[in-house]
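What follows is a short report on a single structure.
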Amino acid sequence: ETLGGRFEESVTDAVERFMSLFPLTSSYTSTTSWVAGPMPPCSPTSDRDKILCGLDDIERQIDAGEFVWRMDREDVHMNIEAALTDMIGEPAKKLHTARSRNDQVVTDLRLWCRDTIDKILVRIRKLQVSLVKVGIKNEGLIIPGYTHLQRAQPILLQHHLLAYVEQLERDITRLSNCKERMNFCPLGACALAGTGLPIDRFMTSEALGFTAPMRNSIDAVSDRDFVLELLSANSIIAMHLSRLGEEWVLWASEEFGFLTPSDSVSTGSSIMPQKKNPDPMELVRGKSGRVIGSLVTVLVLCKGLPLAYNRDLQEDKEPLFDSVKTILGVLEVLAEFAQNITFNRAKIQKALPAGHLDATTLADYLVNKGVPFRTAHDIVGRSVALCVSKACQLSELSLDELRSASPVFEADVYEYLGFENAIDKFSSYGSTGSARVAEQMHFWVSKLQIT
Amino acid sequence: ETLGGRFEESVTDAVERFMSLFPLTSSYTSTTSWVAGPMPPCSPTSDRDKILCGLDDIERQIDAGEFVWRMDREDVHMNIEAALTDMIGEPAKKLHTARSRNDQVVTDLRLWCRDTIDKILVRIRKLQVSLVKVGIKNEGLIIPGYTHLQRAQPILLQHHLLAYVEQLERDITRLSNCKERMNFCPLGACALAGTGLPIDRFMTSEALGFTAPMRNSIDAVSDRDFVLELLSANSIIAMHLSRLGEEWVLWASEEFGFLTPSDSVSTGSSIMPQKKNPDPMELVRGKSGRVIGSLVTVLVLCKGLPLAYNRDLQEDKEPLFDSVKTILGVLEVLAEFAQNITFNRAKIQKALPAGHLDATTLADYLVNKGVPFRTAHDIVGRSVALCVSKACQLSELSLDELRSASPVFEADVYEYLGFENAIDKFSSYGSTGSARVAEQMHFWVSKLQIT
Amino acid sequence: ETLGGRFEESVTDAVERFMSLFPLTSSYTSTTSWVAGPMPPCSPTSDRDKILCGLDDIERQIDAGEFVWRMDREDVHMNIEAALTDMIGEPAKKLHTARSRNDQVVTDLRLWCRDTIDKILVRIRKLQVSLVKVGIKNEGLIIPGYTHLQRAQPILLQHHLLAYVEQLERDITRLSNCKERMNFCPLGACALAGTGLPIDRFMTSEALGFTAPMRNSIDAVSDRDFVLELLSANSIIAMHLSRLGEEWVLWASEEFGFLTPSDSVSTGSSIMPQKKNPDPMELVRGKSGRVIGSLVTVLVLCKGLPLAYNRDLQEDKEPLFDSVKTILGVLEVLAEFAQNITFNRAKIQKALPAGHLDATTLADYLVNKGVPFRTAHDIVGRSVALCVSKACQLSELSLDELRSASPVFEADVYEYLGFENAIDKFSSYGSTGSARVAEQMHFWVSKLQIT
Amino acid sequence: ETLGGRFEESVTDAVERFMSLFPLTSSYTSTTSWVAGPMPPCSPTSDRDKILCGLDDIERQIDAGEFVWRMDREDVHMNIEAALTDMIGEPAKKLHTARSRNDQVVTDLRLWCRDTIDKILVRIRKLQVSLVKVGIKNEGLIIPGYTHLQRAQPILLQHHLLAYVEQLERDITRLSNCKERMNFCPLGACALAGTGLPIDRFMTSEALGFTAPMRNSIDAVSDRDFVLELLSANSIIAMHLSRLGEEWVLWASEEFGFLTPSDSVSTGSSIMPQKKNPDPMELVRGKSGRVIGSLVTVLVLCKGLPLAYNRDLQEDKEPLFDSVKTILGVLEVLAEFAQNITFNRAKIQKALPAGHLDATTLADYLVNKGVPFRTAHDIVGRSVALCVSKACQLSELSLDELRSASPVFEADVYEYLGFENAIDKFSSYGSTGSARVAEQMHFWVSKLQIT
């Protein structure tokens, strides 16, 4: 309707429905890009003022949910222009001067992404804080450390939790890089080639908080890198959290029994009254699927598109919004779940001896006595085999039994055996040694300003 | 709330929001699986009747949009059971006998997929019909055939359109296989292990139109193959249609200029008044992204899940629904677009001579005269080089010029040159020869019952 | 070099390297499609015989690894034609009559896929047999059944293993459908439009074992559905096996302790001598990634390609070959792993009481006594709460204690408690009841012809 | 074999084959991480020297291709240790002190990725240079600018090419961020928990050129973010280049006819002697598939893995190597292709009038005269409609005809009509105006140091 002139028929209903983005665009577009934009040349002050007042009014209506979006007005831009025309008449026809929907939509989308990243960063920080607090609450708790899901060495729970805090910290820097890289202003690129009207792109760029205007107008309207980079960063976050979700599902199982979630973050069974399921963690794990799926969606979308703008690009929004909504939800629920779990200290303690977690420490003992590592590895291997046949712990072997594997063993060996001794012996930077982990906890408590 | 007994707290708001499927489940679940299910043992006829009447009433309310879904009642099943209890009291407590949400949800989902496939099949048929009709309307129209987007040989437009009809036919058989394979009934698998109550799974299976009950209750509640297979089939459909979309975008360009879409399926530019964009085709091309993304979502989702049911599986629904909605929309819009394009016969005709499309036919001429193909290929290559240097057509070369490349050429060679002659010479089964294409058109007109 | 005529320069080294498929094509192409093809018209018998003999000889050389592939001869087809020319001279120039690499390559690829599916089917059958044999070896072994990785109900190990056998059976039918759908012959479609030479496509189709020639030559050279469908089927297989891999990793952990793999399918640690890792199962789980990645590769590849053949399609081969190789490897290793694990019956038995797995059976008891299911669910919930507070089993509650939850309980309740009693009570088709599982085992032993 | 001690059987052949990474690891691992590592404590100087000399020797052998890799020695680390033992005897057994393959493999992989990024950056720079040089060679060439693949406005070819240079510049900063973020040293994390032996991780980190040692040993062995981030950056690059590939395929078509590739970067047809195909560009477009597929592979791989190291992670290498190899190849071929194309200036010039590319400039003219933009848009729309009916250009309308649409038109309007005038009128920053584009060309020539 509104693009008139050359067109004689309006689009069919099916086409209108198919191309519609109404449920979406109304959720992210504000009138910002108009208000901050340069005023049309030759317009008397009064026109300028009328437009600004009118847009203010429309923005208020939108915020208040009172604005009536009309499907027959094609998109959000046409709706606003038409509403402004209804309101202030002739001057509204100057609104679209030196504008195209191509540069507007991508300006709006960049503003939205920029704000969104800030929201995600806040949620990541909150999750880091929650994890560190779980660590504080469970100081000194030793759990088995796993490789291949086989018990390997004893570790401090704090050490394990901080591994996720580190992952999240990389997520923060990745999103920050993404935000910096996207913060350039496409406004004024118009359809694709810029304009001959006397606009000041540096002024609009600054007014909207961008670092600078984009250097190439064709690139400005066709680039969706910032969407893809945000979706990639989200995919890595989702992958991280799927690992944490998986672990907490494992830890809440009868078999591991490391933790119990409170009723407030669990669900029951409609048929098995004894069940208490850690559903939120399963969903955290599963929702990684849709975040990755959204990334794939937009990569496929952009593949092979010639420059400059193509309508395909409209399809970037739903996967983007879904990815962001999912990530925000997953981060929130994990932080809440973390605050609602109790570690079963007694049960963990009782189960720790299984798995000969002090074997490596025993090898270190031998190395410290001058035994080459490979030889030490063999000696300990034989000692463990002896334990297996006797169904006992390394610390329960007599000195004679140990010496049957190697004469290097002396009475001080028992200071290295048992999981608590083992933890104490770790000393390298970043290791699970108590002092080392305390340093790291201190670092994060301070960085995250936890009081 | 409703699973009571052992739970002391209700879930937090964030968890409730995070796990909710309300906007979704209400769109696919009917009460069917209860109604068809076996009645609880020991229940007097009156209880049975009360339950059936109550469910009928609830179904009517749902259909009429009057049913009040309550977020605090966890999911659609609990809502229905609670509403039934409000309505008929005590007997409603028998509703969930020999049921679990695990087998119910997957039964409902299979029913939904089965119906959905039928809907997609109808739309595919309609698109096939539309394409064949475009062919009928443009009988005899010769266009360039491309490989590497380089003009290769002349082909009939009908031949080209039928290539898509063939692709769609494979889509139909693929979806039909998928439907058959999924049509087995999980109901009665309960949580995962079946039940000790005297139910008749063959009866419920038959009542719901399934081929047979699933043989293994653990498999029944954990299997999502049918979702993945449908999403895969949709991805292949979407890929097919992205090719057609791409082609029609090309064909609508100034450069190709093969077709003009009517205003009813085009859009204009907010800034360039002379533009007429084939947006629906761009969206058809682009929407392949989300269909493929949805497939990836569910593959990632299912990866590495231990048996049997895990809450992650709830996440299968949104990508499934989105994929189906998209495919239905894309098929509809393509059929409509096909009915609203005009082929520019004069412009195509005028451009056809470019590209030496009759070169292969010329080589065939030589082969028929006994020249080995490789030698013929060389001779024609040299003749084309001559045309390029003279900026003329093969048919414009004199016999002497042709004979300078090979003495085998005789006067009858001109019956093989020119794109119309070239088309006439094709004779192999499935080729672009007029008679062959007519046979294929006849086959499809008859199969699709076009009148 | 070999396509001569019009070209004056040969391609640069970088382009030659970039476009090369040598390492690949030599692994799948045989000369079959030539041999079975129709002979050039007008050729005297002696030419035909020379060609056939020459091709036979080349095939022998290829099989023996003696054939010298030359990079400067572009591809496998050009190599064979040139080698034949070196060998028999002039008649070899007729080889390419009524042929194009476009139809040849896709004919070869279909033949390869058809054979490959047969190989995969054999491996799937072997894995099914291995799983059933594990079941036979561990008859009567009860393990916990899980939902949400929480213990839910007792199940028979056989029942659990057969859930995977069922998944694999669907994989078999899916691959079989795929094979049937792909078994149509593109040969004779030539470049895209067919040919004017008198060939018999029905004869070549039959000679190569296809159901029929493809009906549309444009479709014949551009269709890659069969690749995508095989990759999709493989992705579903890989997903299935990732679940089995995940489970066996869990089951091999200290915490579950259900099974111990033999040394022949485990690895050790370079640093922790006590470790024994189920690496093959981790790789089975992880390799699902590349199978899914290969599917995505080809979907992205095909997106938006106009008809007919485009060089992009060459890129279908590596992901296809990698997917197939991975699936064959994963199936083989799983079957071997299955033969090399021991279930720790005593440990499982000892751990089974945890989790109140008989709770649902107790609810069924009440339902059988006429208590509505929802009420029964509540009563059992309270009984379980009592057990939790007393740290005991349901079977260890006194009748008085049980009756404090409901007066319906009578002495016969103890026939329903304990996991062995619970298993015995399941009776529905497909359930974990001993008799039901025995029927299913019988079905599979017979179907798989296990002796 | 080499991990001895507790193991009684060696792994089966199938398992050995399945788990092998030989063809891969030998291509990326050097002995660097050992050489730079801290020496074992308590070792006499002579042991240290023997180890260093031995490793030097082995490195030389590997570089010279003389080193014999043995499949039965499990992996690259075990091979080197065993070879060192064969060479220097007892001291070699100290090699693995304070080491685990878990931290070694990830150290090697980070070193490899770091070097690889530098290689990719060099190739991107080369492509930018090639594109700018194409621009220099074709100064002043005006082509149609497209949106929706419909002609929109005239643009300078230089402007269009620089849009790709901008995309590549973002790729460079993205890869640089990725490199910085990954440049932290995992060495010394050992299996997962660190070590009790007195090592100096800051020393090794510095010796290997890392910024600092990683802070958390569990994170150090389980993190694969750097692989995913590199694969994501590659996917965005591949997407960019698929767009360029698509465009150049279009531009090389008969219909567009903008450019002709030289024979050195084209291929012919085995059947159609007149064809000249831009295959390298089709492959550039198509290879985006495998780059995206590789990203999906590793995302699926990492999903849901519990900490710390799992064998699944071994599967990160093939997709990583394939992605990098593909990106390097695509960048190289594009740069070469760019140097081997000729723009068909005359043909482009002749086709430019089609499409009314000066319509927007005409609207700007009216706006400059005080007509509101929306009104100007309508007026121009009507003028274009008049041209369409008369089959003429806007510049061919008489002043009277123009004034029939609006009385505002005056004689100076003809300074705005025609594509060359139109180009001249663009003036905004980043627009296609000649002066603006010259500034941008100058910027890039200087930045890329093109002489």
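For clarity, chains are labelled A, B, C and D in written order, and residue numbers in each chain start from 1.
As a working rule, a contact is a pair of C-beta atoms (placed from the backbone, for glycine too) under 8 Å apart; a residue touches a chain by one contact, two chains touch by 3 or more.
This structure is a prediction, so every number in the text was calculated from the model and none was measured.
Counting steps between touching chains, the shortest path from subunit B to subunit D takes 1. Chain pairs C-D and A-C differ in how many C-beta pairs are in contact, and the one with more is C-D.
For the pair subunit A and subunit D, the fraction of shared interface numbers is greater than half, so the two copies use mostly the same residues to meet. Chain centres here are Cα averages; for subunit A and subunit D they lie 24 Å apart. The distance from the centre of subunit A to the centre of subunit C, each centre being the mean of the chain's C-alpha atoms, comes to 33 Å.
Each of the following residues of subunit A touches two or more other chains: 3-6, 96, 99, 147-149, 152-153, 190-191, 250, 269-274, 276-277, 279, 282, 285, 288-289, 292, 295-296, 299-300, 303-304, 310-311, 360, 377-378, 380-381, 384. Note for the complex: subunit D touches subunit B at residues 144, 147-153, 249-250, 252-256, 269-279, 282, 296, 299-300, 303-304, 351, 354-356, 359-360, 363, 377-378, 380-381, 384. Across the complex, subunit D is touched by residues 3-6, 40-42, 81, 85, 90-99, 102, 145-149, 152-155, 159-160, 162-163, 166-167, 170, 173-174, 177, 181, 188-199, 201-202, 213-223, 225, 228-229, 232, 235-236, 239, 242-243, 245-247, 250, 285, 288-289, 292, 295-296, 299-300, 302-311, 360-361, 364, 367-368, 370, 372-375, 377-378, 380-382, 384-385, 388, 425-433, 436, 440, 443 of subunit A. On subunit C, the positions that touch subunit D within their shared complex are 3-12, 14-15, 17-19, 74, 77-78, 96, 99-101, 190-191, 262-274, 276-277, 279-280, 282-283, 285-290, 292-301, 310-315, 318-319, 329-330, 332-333, 336-337, 340.
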